[in-house]
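Here the structure is laid out as structure tokens; the discussion comes afterwards.
Chain nomenclature is as follows: A, B, C and D, assigned in order of appearance, with residue numbering initiated at 1 for each chain independently.
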């Protein structure tokens, strides 16, 4: 007996962008139904720059239609939610157009290139209360990170005392790497702070609460890079370091670098509490290292089905959760919010708070900057 | 401009089973097009035990039709390839029916419960030369495992000398775990050898070549388990250990356990060569530890886009590859073979060789057993 | 044929203190000859508080005489060098008396409780140019630390860019730990900064050069502790964090805590260079993790006889060097300096620079403090 | 007030050998009093091959007299205990002469080159019941190893099920390493089994009890090596592997290699119990990894003063214990036995049992060999 499956009433999706993160969104949209046992979203329109690219990507990514016209796509009546995974300079116009078209928006980070852009976007989102906005801070959604949050929330490490975090990669470490528009303020924003640092801020704030004040130093390690026109100046941050005072009164240290040789995705932090310590490193994203009072040392908590985000994918502990799967969790969180559930965020307003922190770091130059989250 | 995507001429799929591995196959079928940029397979029929379950799973897994009749499904003309992810006792009848219906077969391991079953299945597969058979030895397909194979093939660790491997989990470690049919020879086959050991054999043979002779000891650590009818005997292996002589003349040690407290997916091995050593542990599946002559020590090779299987998913190193993604690689390998390319296997004939090794281990009782792969 | 060994013309030693570090000095004095193949020092006088303790310790520690009068001991004509391993408040009077008696001085860290004391001591040392002063910054002398210095000096990690360091322990983490004089400014000095932080400063300066400016925050995590007279206030730092600008123009982050649950001797740092990164953690003091351009990842450099400090103790790599053995290296360095060789320090003048840094951290309160090492 | 220390009535020591292990004995004899707070042993005679070497080593090692005549030295009335750290072929004559002279004997491993030698030595030791014999199996004496024994003895990991152990180094991995007498049966005994394997056996038996039966395979990986006379054959084992059945009915696997590239002191084992697992690796000798039922994963037990062997050296956890310090523990154990306390061994009789096991491994050639320890 063969039964035709029913008409799909789940949300219709348009995806703009097919690069690293566009493909990641496509995998998430294809898998979220399978993983969570919910009706598969309707993959309506895939936007790419040329007809050929749009066509071939749509066929592979499982989208019904291909388009080169993103403005039309996000106004399409079959589309309920727009995935935006384009270069950062396009984030603001696309997100604003999608909101103005009445759609939900799933936008990759960083939210925007300038603080003014982010403020405008948050303002518009506030004026569209029925529409969900979600920023692609995927590292918030790993099973291990959420397990860390749950450990803290349950009081198992006591009163929080200190945060120490770094996010280091080495993609710009080579001085021979040619100059590009990504190394300008206008094209690449805050450099390592905007590319990597904002991820660490998203986790730091999720763990420790809002920031009251910070003092930061930044560095351009490779000041000039080769270009066809001769050496050109690098304008944005290769690395940054900060001291943080949280609104709760606790303290933190923060560092990020895109020139840290040998580091590939070292989003690493530790939280000290009065009754324990938690340590995490994204390069080993399936491990949380936890010590609690009375335990003999640090224990490796290997991700497994006791963690809800893991359980959705696999019933077997130690069977590694992957980077791309965080995006599936994010897609599911988005579907829950679209369906009227809690938006676990960061939405555009929460995203603006993240932007304020990294812009304050870029501007500090060794002097304290108040962020206003004092108790 | 919106362009409708073209008619899909890619293979039609039927999937039987929606449990742990059935869902894993579904994720693979949904993602293989997106990941590899090939046309998305047609997901035709999803088979489950009841109409409701078939229906809801088909909707979530993205299949066009739902069915409770696997025999009809695998004869369906729209179906080209059958995914079988059912209890082990059903492997032989389903695989044979699919082959007899002219379909390609993707079958979960272990191939069968008895050596006679595996022999019959391999014989039938040999008589269907145009049909692809592939067994679900997914651990062969991780980026790190393939990188290890490539390192060996390139001669970077010299002449192979020794293999040392274990595969340990703890899912049966608790003596209070109730008795089940999985603990019988008839229902559960060779216990830890059939469930875990065959995976390690698949990697061992892929790295070291065929086995000439082995000597093994097995153990039932928990001899009786509680059941509603009182304690019942456990019939199959909780653990096994073996010494291996390979056809090449090199030596190996082998061990597996389902009662190793604290181990979750410790498929761990090392290969010693005249010029280097490679070490791997599936619990940290994105790392290969390599030492080569002249290097200062062991180096952590973190998976990244230099490994082709990784590159298909993500351009950024250190962004962890996940367990489920190995199955996407497997689906792609299957599509390549269906399309006329090389079948990287293990097909049913190679699977039979794996079965012969684990059955020899189960039967050895401390005495040498010849496998016939001498030079 | 039995030959009496010759008269010992090596330096005569007086040791004051038999606690943790006093015993450590005694082990060093007993072993330095054996390890380095130099004539065994004459162990002349062991000073302890009571006659019985002095006697039993002298017998066990191999000293010829026992004494309760440290003032007489350090004036004894048979004594050439004085080991001072007493509570911090006694460091200044004992060191000054030893210098005034014309002896060489080996003094445990921290140098003194106040900056004024340290300045006076450095001034006196400068006025005794023929007498060696050496501070017990033993972590400078591990084989791995010296190997890190050699890697940097050889240019193998290129131009230095960033330092990140922490030194965490948990000996004061328990809020139920009773109040003691160690938690006062007058008795315990700068708390975690004086006890732990100064060690990290000693390594930081040895790796990166002098500090130009720093900004720090400190914290008393447990503000009151139980005493027989009721709760009493803790006066000195439980933890501190700082941003550092080095005279060379590079940047650094610094943190220390005595309330970091689960940390036992986590003196951990990393140095980023233009061509590589070095990572160290004293809890695994026999490992240096190094990545250099062109290498596949981080490599574990396990200590071995390729490192001169290791070779003195053992010809076999991977045979772990221990904490106490760093003190033997220190004793040998001291003997070399006494014999007219280079004093590798830190002597009292270099120790004063360390004290200035930790006192600046204690005083910063979030504001930049200049240390004067600008280029 | 200065008090001369009393006459030393502690045992008088003669040491024969000043190489790797001779120096290690010398460090132990110099430090055992300091560490344990017992009267310093009298270091009477140091024996070396030439007068000059004897003289200079005696001065550095703190011995009163130097000698080139070991036969006279071990008969000297001031000598109570003889440390023998000479090439293996001298072990039997020296140990027998020392026993015949009525002295206690501390002998480096392996006990002897042949089983017949070991049997003769054990027989003689049995006939000297008042004289202590102790073999230098120093790895039995690390704080972590003893903590593992205590965990097992306390029942914290339940009933033992399985042992898995390896001891790998790479000192013979290079095929260009010249031939030497160490590679002959007569000069070098059982190769890797005698040099490394016996250490692993000593730990295996200490953890699991006596061996009932074993099956082993051995390998000469580099069959010929260069010599001034052209290539010469290597006669003894480069590596070995074995399956073990213990008298208790539990099972074990065993492997050792001197040609394992990159391994420096990988004496690594794990013990599986019904309620937990313990893992150890000598390259990180200050760590024990323990999982017990109910714990979230494996916990790192970093050595510290909770372990009695550690506490003798240092009151601060995480301050690494070193390789040479195991020998100090051994010296103390010997002094305790000489003083009439328990001899924790292995004495010569227990050492013979170890020799029987490695000789059985060398002779097995893939066939079971009974060792006679069945229940």
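As a working rule, a contact is a pair of C-beta atoms (placed from the backbone, for glycine too) under 8 Å apart; a residue touches a chain by one contact, two chains touch by 3 or more.
Note that the structure is predicted; figures quoted are calculated from it, not measured.
*Asks:* Using only Cα atoms to place each chain's centre, name the chain farthest from chain D.
*Replies:* A
*Asks:* Name whichever of B-D and B-C has more C-beta pairs touching across its two chains.
*Replies:* Output for the comparison: B-D.
*Asks:* How many angstrom lie between the CA centroids of chain A and chain B, rounded to a whole number?
*Replies:* Distance between chain centres, rounded to whole Å: 33 Å.
*Asks:* Which whole number of Å gives the spacing of the CA centres of chain B and chain C?
*Replies:* 55
*Asks:* Approximately how many whole Å separate the CA-defined centres of chain B and chain D?
*Replies:* 43
*Asks:* Please list all residues of chain B that touch 2 or more other chains.
*Replies:* 263, 295, 297-298, 302
*Asks:* Contact residues on chain D for chain C in the complex?
*Replies:* Residues 1-6, 8, 20, 23-24, 26-27, 30-31, 33-40, 45, 51, 54-69, 72-73, 76, 169, 263-266, 282-286, 302, 304, 313-325 of chain D touch chain C in their complex.
*Asks:* If you look only at chain C, which of its residues touch chain B in the complex?
*Replies:* 290, 295-302
*Asks:* Give the list of chain A residues in touch with chain C in this complex.
*Replies:* That would be residues 157, 161-162, 164, 166, 173-175, 213, 215-217, 219, 221, 239, 241-243, 245, 251-253, 255, 257, 259-263, 272-277, 291-293, 295, 297-298, 366-368 of chain A.
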